[in-house]
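Chain naming follows the written order as A, B, C and D, and within any one chain the residues start at number 1.
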């Protein structure tokens, strides 16, 4: 995994998020405050403008820079959480110049753990973690099994979609939807949707990459 | 969406500039990162810093000034500000006695302020405001929201800080004011986040949202529209059920408009609420009526009650000189 | 129609009761006939009395107090009060130096105040406020409307009366402040008169009403929605075309919300208007931003400019202690 | 003309105004501020409650009492105008215990003159006077000609309706509609509509009266 792949993946995520604008927006309008799409878009726009700055950096430094930048750009609940992911990934990869799949998977797992700590949340609370935690576990497992990328990606996407949809039947105990009690039932968590879209976009971007 | 705006992305900056231009003797504003601070910082006083998503004006920047906040960190509309804003604000107004953050209890606000608090080199503490009784409290969830009662915390702690209270005293006082304060509101219409461009929720012409939040979040339940007496009874039942004041207790009653309700109706609510409180054997002896913790143009209002003792009453009465509150 | 109301017919009474209960140290209210008056009347001071239809709160009752009005006569919503109210108010607050009526220029207000003036036994005079430049002036018609500039007249004459000016001096000053003041507004939505129960006018999702009145009366024209810069330019063109200030002139800039527009947007307007005024070589040196002369829940805002000289500036700066304005 | 006739006519006017609520209301919404119907209704309600007080009075005293009461009840532009009408009628009839048609017509003419003075208005300004002035002239003429009541009423109603409709094509120079300039064209003046309804209702009430 090279920084070029990371940057390409970010652009792919940006395109995918923009393509899902109305759905993401309406989810946060339904059980949140309507700004989730705007928050994420703002973060991705700022990252897109940093392409030239990021590309020369080693992956760890790039992740660190991304996390720092997002922390001061997104705000809201998703800002500190997503930036914690990147900051922790940067930390985890500090020793590697070109991390392999295992190292990358471990870094992602560390990133998701950082979200859990920052958000004081875990599986089943109707948050982005319901998509991220299983994804991190899969990544680690697939790296261990050295599953071909295409196969891994197909499984990751399918699982993310399934877990995203499963948040529909959950009552939220963290985040803004927790104020709603039972009224949150029947609505997918917006952060989960964003993460599902992002995971699928990253996979597709990696599949397209020559390396 | 019809709003007074040029470029949605520049809205916050243009608005904050307008605020400071309207109160040049009182306020200054910085951008990159964004915060509003008192023009004159008093050395040796605990620095009070609050902040949160924009769209609740005059909260918080309108409460920066003598007797209240030292700085406010406005985020994008309904989006908590970021830690770099809080750090820059702290650097600007900290004057040797430490920093007290006053934070409304939302996942985004608490996490961002928490990160700032972790990064801040000097002494600091945080008061979490969670006065909204529409939401059940629980340590296993995000808990109750911070709403219009934040003003009471900022005003009373502001007065104490001005009078020389230490950081620990300010923190303890803030927690006590918060514990003595409860709020709940209803909405008639939705607000429209400028960058989203359309109403956050749909609501029928005869429906009201009971227990609504200040970001257009849904509340406890949808109900049919009711007379003011019934609405007030519903809100006070929840508020008094939480505070459980003994008979004869003196209270501060705050009727807060969400932005789109005429003052005429807010004063009517004040009359109805005072009457019902007295019927409960309680004594509303201080009042504040107006649009203070708003939700953009949402029509609706909340009631806030703070139990008063002599200390709280005199902190409330202490002089204040801010854009939105002065006496 | 969703409003905080019990019985529409009791709305005004319940609201005024709530106002006075929220400011017991400042105000008292009488019914039959209805007026709001200062709790303490100062002997030997010219008594300033204003009034008009309700629905413009805080105008006028919110401006009763030290340094501003002695009494206000609220009519039904958007309906001028009746002469018996003005006579009763005059009797309550007249203290030997005569009565000055401050009246917005509408057929109903002028006729009712005129009849009161004819019936009043003592010395009295009337200042007619007609600051709305959206409407062409003509002695053969009702002429221009009185809108948000009324506040400037009430504030400055109030300060002069407090300082001991005679009735003739107050009357002359009021006319001069009015002549130095011009306003114009735009609306995005209509208001709903409670007793009528539905919006006064229809307006499309991308239309604005330019030059709107404060009763939901149509204005100069319908236009497509525009950026804030363009709206402000339109309003200032009319205002400055009327006032024709020389370059370098100092001004008071008042951004007035009609009730349904968030403060965030009003401050943005203040920024845009200050910038454009400076581009015209003018100096906005005093500001007032907020919902002061409202039209129930109408979304929209008006700009008011008053040309300042040293006298006007110091009358503006003089202390004021009312429900809605205090410094 | 006896006070009983006056009181009966007031009730007839009240019924007719209520029956025209939506039209009167929408006219003042279109070129005014939407309160004209409510103002008039409020005035008529208060008068209706005064029936027992009014009936024993001679006509002059009844008109005077009505004018005084309306002055402190209606407010707005129509309040002082309509109460001026009644106050002037009371003054004009002060000497008569049972005024005849001529005296009544002269009193009405005096009342309309009082409106002109109070409102500083005259024919052609798109106000209630566009209906009232011609009606007063007709009344005087018909009384002089001793035209049978039924005939007079038919002519009065027709003329009132015609004049009311004619305000549609006027630009207002008095009242709230004057702020509108050309935009008032195409809308009937609400006060004219009220007066037309009232004139027709009074006629019908008088025709029903046994005297």
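Keep in mind that, in the parts below, a contact is a pair of C-beta atoms (placed from the backbone, for glycine too) under 8 Å apart; a residue touches a chain by one contact, two chains touch by 3 or more.
Computed from a prediction, not measured in an experiment: that's the story for all the values here.
Peer 1: After chain B is dropped from the contact network, which chains belong to the same connected group?
Peer 2: So the groups, chain B excluded, read A | C, D.
Peer 1: How far is the middle of chain B from the middle of chain D, if each middle is the mean of its Cα atoms, in Å?
Peer 2: Here the centre of chain D sits 54 Å away from the centre of chain B.
Peer 1: Centroid from C-alpha atoms only, then distance chain A to chain B, rounded to Å. What do you get?
Peer 2: So the centre of chain A lies 32 Å away from the centre of chain B.
Peer 1: Please compute the C-alpha centroid of chain B, do the same for chain C, then give the distance between them in whole Å.
Peer 2: A distance of 29 Å separates the two centres.
Peer 1: Among the residues of chain C, which are close enough to touch at least two other chains?
Peer 2: Residues 77 of chain C each touch two or more of the other chains.
Peer 1: Once you've mapped the touching chain pairs, tell me: line, ring, star, complete or other?
Peer 2: Topology of touching chains reads as a line.
Peer 1: What are all the touching pairs of chains?
Peer 2: Applying the touch rule to all chain pairs gives A-B, B-C, C-D.
Peer 1: Which bits of chain A are touching chain B when the two form their complex?
Peer 2: Listed in rising order, the residues of chain A that touch chain B are 25, 29-35, 37-39, 42, 71-81, 118-119, 172-176, 178-181, 183.
Peer 1: Across the complex, what residues on chain B touch chain C?
Peer 2: That would be residues 2-6, 11-12, 14-19, 21-23, 54-55, 57-58, 62, 77, 188-189, 205-206, 208, 225, 227-229, 231, 259-272, 274, 287-289, 291, 294, 296-297, 299, 301, 326-327 of chain B.
Peer 1: Applying the document's contact rule, which stretches of chain C touch chain D when the two form their complex?
Peer 2: Result: residues 33, 53, 75-85, 106-108, 111-112, 114-115, 134-136, 140-142, 145, 193, 195-196, 200-201, 213, 215-218 of chain C touch chain D.
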